[in-house]
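First subunit A sits with subunit B, and in the next complex the same chain sits with subunit C.
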Partner chain A sequence: MNTLRLVKWASLAAVVGLTVALPYLVSSFYVNMATQMLFFGLFALSINLIAGYGGMVTLGQAGVLGIAGYGLGIFYTSYAVPLGVSALLAIISTILVAAFFGLLLVRASGVYFLMITLAQGMVVWGVAQRLTTLTGGDNGLRGIARPPFAVEYWSYYYFSLAVVAFCVFLIARIVRSPFGLSLKGVREAETRMAPLGYDVKRIKLFAFTISGTFAGVAGLLLAMYNNFFSPPSVYVKASAEGLLMSILGGVGTITGAFVGSGVFVFVTNYVSGYMERWPTLLGLIFVLTILFTPDGVVGAWQRLVWAPLLRRYGAADEAELIEVGVGGGGLLSDRDLKGSKSAIEAGSAAPSEEPSEQVEETRAGS
Partner chain B sequence: MSGRQFVLLSLNGISFGALLFLLSSGFTLIFGLMRIVNLAHGSFYLLGGYVGLTLMQGGQSFWVAMIGGALAIAILGFVVERGLLLRVRGRTMPEVLLTVGLSLIFADLALARWGGDPILLDRPSQFAGTVELSGVTYPEFRLLVLGLGILLAALMWILQSRTRIGAIIRAGVDDREMVSALGINVNAVFTGVFVFGALLAGMTGVIGGVFLSLYPGADGEILNFALVVVILGGLGDLRGAIVGSLLVGLIDSFGRSLTPSLSYFLLFAPMALILIFRPRGLFGRATVD
Partner chain C sequence: MNAYTSRLRKAHIAAALVLVLLLAACSAPGGGDDEGGGEEGPIKVGVIVPTTGVVAAAGTDMLNGWNLYWEINGNEVAGRTIETIHEDNAGDPTTTLTKARKLVEQDGAAVIVGTLLANTALALAEYLDPLDDVIGLNPAGSADDLSQRGVVDNYVRAGGWQSSSPTHVAGDWAYEQGYRKVITLCQDYAFGHENCGGFTNTFTDRGGEIVQQLWAPLGTPDYSSYLSDIDPASADAAFVLTVGADSGRFVKQWEDFGLKDNLPLIGGETTLEQSLLRAMGDEAVGLQSFGHYAEGREDSATQEFVDEYVDAYDQLPSYYSASTYTAAQWFAETLEAEDGDMSDVPAFLETLKGYQLDNSPFGPMKLDEHGGTIATMYLREVAKDEEGRLYNQVVEEYPEVSQFWNYDPQAFLEQPVYTREYLGEDWPESCDQFASDCPLEGE
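So, the complex of A and B:
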């Protein structure tokens, strides 16, 4: 057991060390890839926050990200507001829009939630495309600057690293807070939360707004990275790619979002140099993940490698916790969570309505 | 706004609504029975249009192109249903997300095969002219689309309310388990409905190629219109698809004329109102989830 813990901490230390030393180790091409991985990872994590922890799958998050990107661009380039103030105003706009979108979503769940978010994202895209006086239409907004202290590729990397690390720290705190647990409660058994005294609508609204705020931060980093912002960044495809990263890495995990964004950035930056049809490859990865490893890379790792290791070294309880806890519960996987004692004790994965409904529907369908 | 302009915009809205109905009727039927939100429906539409384009480039008429596009997408729909969706049957999220992944693939393959330039298909020669309607000169083709929309609505109405298949589908919407307990092969019904929806989408794609033109991204745009239609009208209901299509068509038509840059945003207003006051849509049923 101690050996395992040591391995875990040592690998964590190695990852942190590599992350910090990266610009000294590899060329600018790879550092830029790492920068993209950071802000796309934050974007995926923002989706993960509501989809993985809250069970609300969104296909419109790029629209929310776009409010921040366009906000920054419009305030900074069109109205010559200082960069820092522009960024702040952009984030405030994002929070307001996310809250407004959230108000329309609080009564929806499941596929309705997904459809409405998709339509919301498309509205942002449509406005970005057609309100050319403000957004530049297809040409997008040029001349979005990076902060003066982070203009170089390596300094922008460190800047992104600091921002993303701070956001990850906040998100990790949020999901472990009482609010985060009530969010999981909504995921597992929405109808049971109200009788327990929870205001489900308020939880959903908060979750969507918080998640949108982090997507907004990712949007700022994206816009400053490219010095540019345009409609494709807010299109439904961008939302789907964010969801792909989130699911590929493993919904309901924090590391998963960055594993997913790593694969995404690798395909878009590296594989695309050798393979013209890389978007098809992304789509295939999406389809195969959903069919074969719905709990994603991190989920599969924990279930197939980490849990057996823990069991072997005498930590069966912890292993079982992992086995029932990963993969966003009943969101994508069809494993039946019923009858697992530690799951009930852990409180995070109590027998839910979702799986029993699924069993029912499977029966009807076959 | 002059009376003539009002008539013109109304006709534009109603005929665009008819096009939307051709697409969203299949979308909503698939959802009503199978609870699948088929987000590849826009891709089916676009691919159908492109198949029609290839046929027309080969010298075929519009009608052959329309039937060819419909049949090609029906086959594609069959493969998707039997090959992929059947594997995750009954699990809502994987079903929806699979169709998302497929739409990414289809969009890229269509780009590879048919390129990125917008292409407008030729009108059928029989409907290439214009007619006079209360002082407005109006293209015949748009009236043809309106006619097709009415025809399809009537056919689906009869199919749903007067035939055995319709009875099975209606029963399946209400209680799938009971239907399968009565010895009806629900899986076959599901596949049939999915293929029918795909067929309609492929057909609409060829019509849409004349109406709106074909280009990468048309899949997502038309899908969004279909989504707004069913959010307004209520998922899984034929009346909802009819009323929703007309509403969206008219809002879009008048919106484009009054505030071109914000027309997309105008669509959002009724959707927001519906979501606040009647989240299930105008004709949505409380049992649907």
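So, the complex of A and C:
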């Protein structure tokens, strides 16, 4: 077991080392690809937060991302607000809009939830397209600057890395917090949560708003990366791509979002230079993933590689957890697994690791 | 597990990470890309056109036109080989940026040619702007502002046009025809706004009235709700600008609703464009439109191009094909004039912009001081040739049309670009805002 833990930490260190050293190893083209992978990964992760952990599948997340992108562009280019302040205002706008969208969503679930998010995304797209005086319409907004200390491709990479790493840290905390566990409770058994004393609507609203905030951060990074923002970035296609990235990598995992965005960015940027039918390839990858490993690349890795390893090195209980499909994970979430396990053992979807604390907290808030 | 030590360990790791990140960010990584321009060796040219997605057909036309020029003339100019690298942007602005970065940074392209849709051209312009060693050729991205309020110095309209140039002529012509009340129906996005703006501006200058404005979103599956709104008795003519597959649907329904025989139609360039005429039938025959290109132009420059293109690809060339063909010619002849030397980019750009085509598939073409195309505009009419193919024949030519029409450039640039909110109905207010032929005088 210790060897395994060592392997795990060593690989984590290798990934971190590689991520940090990347601009010294490869050309600007690949560094730019990595930058895209980072913010698309954050976008996919924001979808994952509600779809994977909360079971609320959205097709309108690009609309939320767009509020931040357009907010930044409008404040910065049209009203000449300093970049930092524009970014802050953009994020505040995103939080407000996400909360408003969330209010319209809390009563819905399943297909209805999906349809409302789709409509919300299209509303943002429609406004972006039609409100030409503000958004530049189809021509988009030009002249969005990067922070003065991150203008070069490599410094922008580090900037994105720092921002995304911080967001991932926050999301990892949120997912494992009592709130995160109650969100999973909503996913597993929404109807049981209410009798247990949870305010389901409030949980959903919070989850949607938090997720929207992170999508907003991704939107800021996207807009500054391209120095440009236009309607296709908020179109339903962009939302669907984010959802597909998170499914491809593995729903309900943190690493999965980045694996998914990695595959996506690699195919659209690199493979498309050699293969004319690259959208078909992307489609094929998605179809095969859904057919053979519905829990995504990371899920498959855990089931087929990680679990047998754990079993061999005597951590059979952890391996079992993965095999019964409890859970998300990857490098970041062994505690998460334990939490879910105890939840299962308790025979209830409600998390039992810190039950009293959590119930109290939720009640105090309601 | 001791929670305190665990937390401490995490704090250490986090601190180490931040430190490494700071160290890494303090020193710039090296990395020079091999240049594709310079004085000698092959010149790498990146061509970004959509060959997948909704505008794939037109994008393929663009790629064909570009390749045709080099097939006919050989890919060696002034001792230098021209290497073309094609990238597909699927008609998407973000992908366009990605591909432009790839071409410049990875492949070392010194010249970028593209792209098709106005929003992708604007995105490309944004990327090219800060680069001082890369030249962009813009054959088809017709957004007005690229040569008006948002000029990017190293992104040159070579074989390109402005959306509102043909429609400025159309508005003036419509009044001349005796039309006083016109209905406009345009696609509801930037390109449609600019087209309708051009028409509305010049038509109302003369005293014409727009009696009804209809806006159809791009990708309107059915035009019946718009067409049933049109009362032929209420107007003298209709100006219509549709794009892509919308055009096919519109033209068919225009006939189905009996409007073809009851209301004169003034089409925009892309409503009756060759790449779309291929899929249309008799419903399109006889319809008139304004454009900067007509495959039926009876001049040798156009007809030779058309013949070569038909030989190579077995179909009539659209303006998309002609645009990249012209861009290739424009670039090749500039390179010839500079003796194959691209090392002095500003000088090369100057020669490129000062270049005049006495005769191209479009006719004579040159740029004004803002980088806007001055070219011949055509009133065209769809006809059928002996092989049953539809094509645009020339009814009338309007030579040397400026992007500013007859307006004073300074005054024109002080106005915003045409949008749904600003179509120039009330502008200009006085003859001061005209450079020549002020129509307000008689009023």
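The rule we apply is simple: the second predicted complex is superposed on the first by the 326 of 366 C-alpha atoms of A that agree within 3 Å, B and C clash if a C-alpha of one lies under 4 Å from a C-alpha of the other, contacts with A are read in each partner's own complex, and residues count from 1 in each chain.
The rule we apply is simple: a residue touches a chain if its C-beta (ideal position, glycine included) is under 8 Å from a C-beta of that chain, and two chains touch if they have at least 3 such contacts.
Just so you know, these numbers come straight off a predicted model, no measurement behind them.
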*Look at where subunit B and subunit C land on subunit A after superposing the complexes, then choose clash or fit.*
clash
*Mind working out whether A:T133 is in touch with subunit B, subunit C, both or neither, as first, second, both or neither?*
both
*What is the contact status of A:P279 with respect to subunit B (first) and subunit C (second): first, second, both, or neither?*
both
*Please work out whether A:Q36 is in contact with subunit B alone, subunit C alone, both, or neither, and reply first, second, both or neither.*
second
_Contacts of A:L243 with subunit B and subunit C, given as first, second, both or neither_ = first
*After superposing on chain A, which stretch of subunit C overlaps subunit B: 218-226, 290-298, 326-334 or 362-370?*
218-226
*Enumerate the residues of subunit A that count as touching subunit B in its complex and touching subunit C in the other.*
129-130, 132-133, 276-277, 279
_Under the stated contact criterion, what part of subunit B meets subunit A in this complex?_
35, 37, 39, 84, 87-94, 96-98, 100-105, 107-109, 111-112, 176-177, 180, 186-187, 190, 217, 220-221, 223-224, 227-228, 230-231, 235, 260-265, 267-268, 271-272, 275-276, 279, 289
*asked:* Quick check: in the complex, which residue numbers of subunit A touch subunit C?
replied: 16, 20-21, 23-24, 27-29, 32, 36, 129-130, 132-133, 136-140, 142-143, 152-155, 158, 161-162, 165, 169, 222, 226-228, 230-233, 268-269, 272-273, 276-279
*Under the touch definition given earlier, write down the residues of subunit C that touch subunit A in their complex.*
14, 17, 20-21, 24-25, 28-29, 31, 33, 51-52, 87-88, 90, 92-95, 97-99, 101-102, 105-106, 118-119, 122-123, 125-127, 143, 145, 150, 188-191, 193, 217, 419-421
_For the complex, give me every residue of subunit A touching subunit B._
57, 59, 103-105, 107-112, 114-116, 118-120, 122-123, 126-127, 129-133, 235-237, 240, 243-244, 247, 276-277, 279-280, 282-284, 286-287, 290-291, 294, 331-332, 334, 358, 360-366
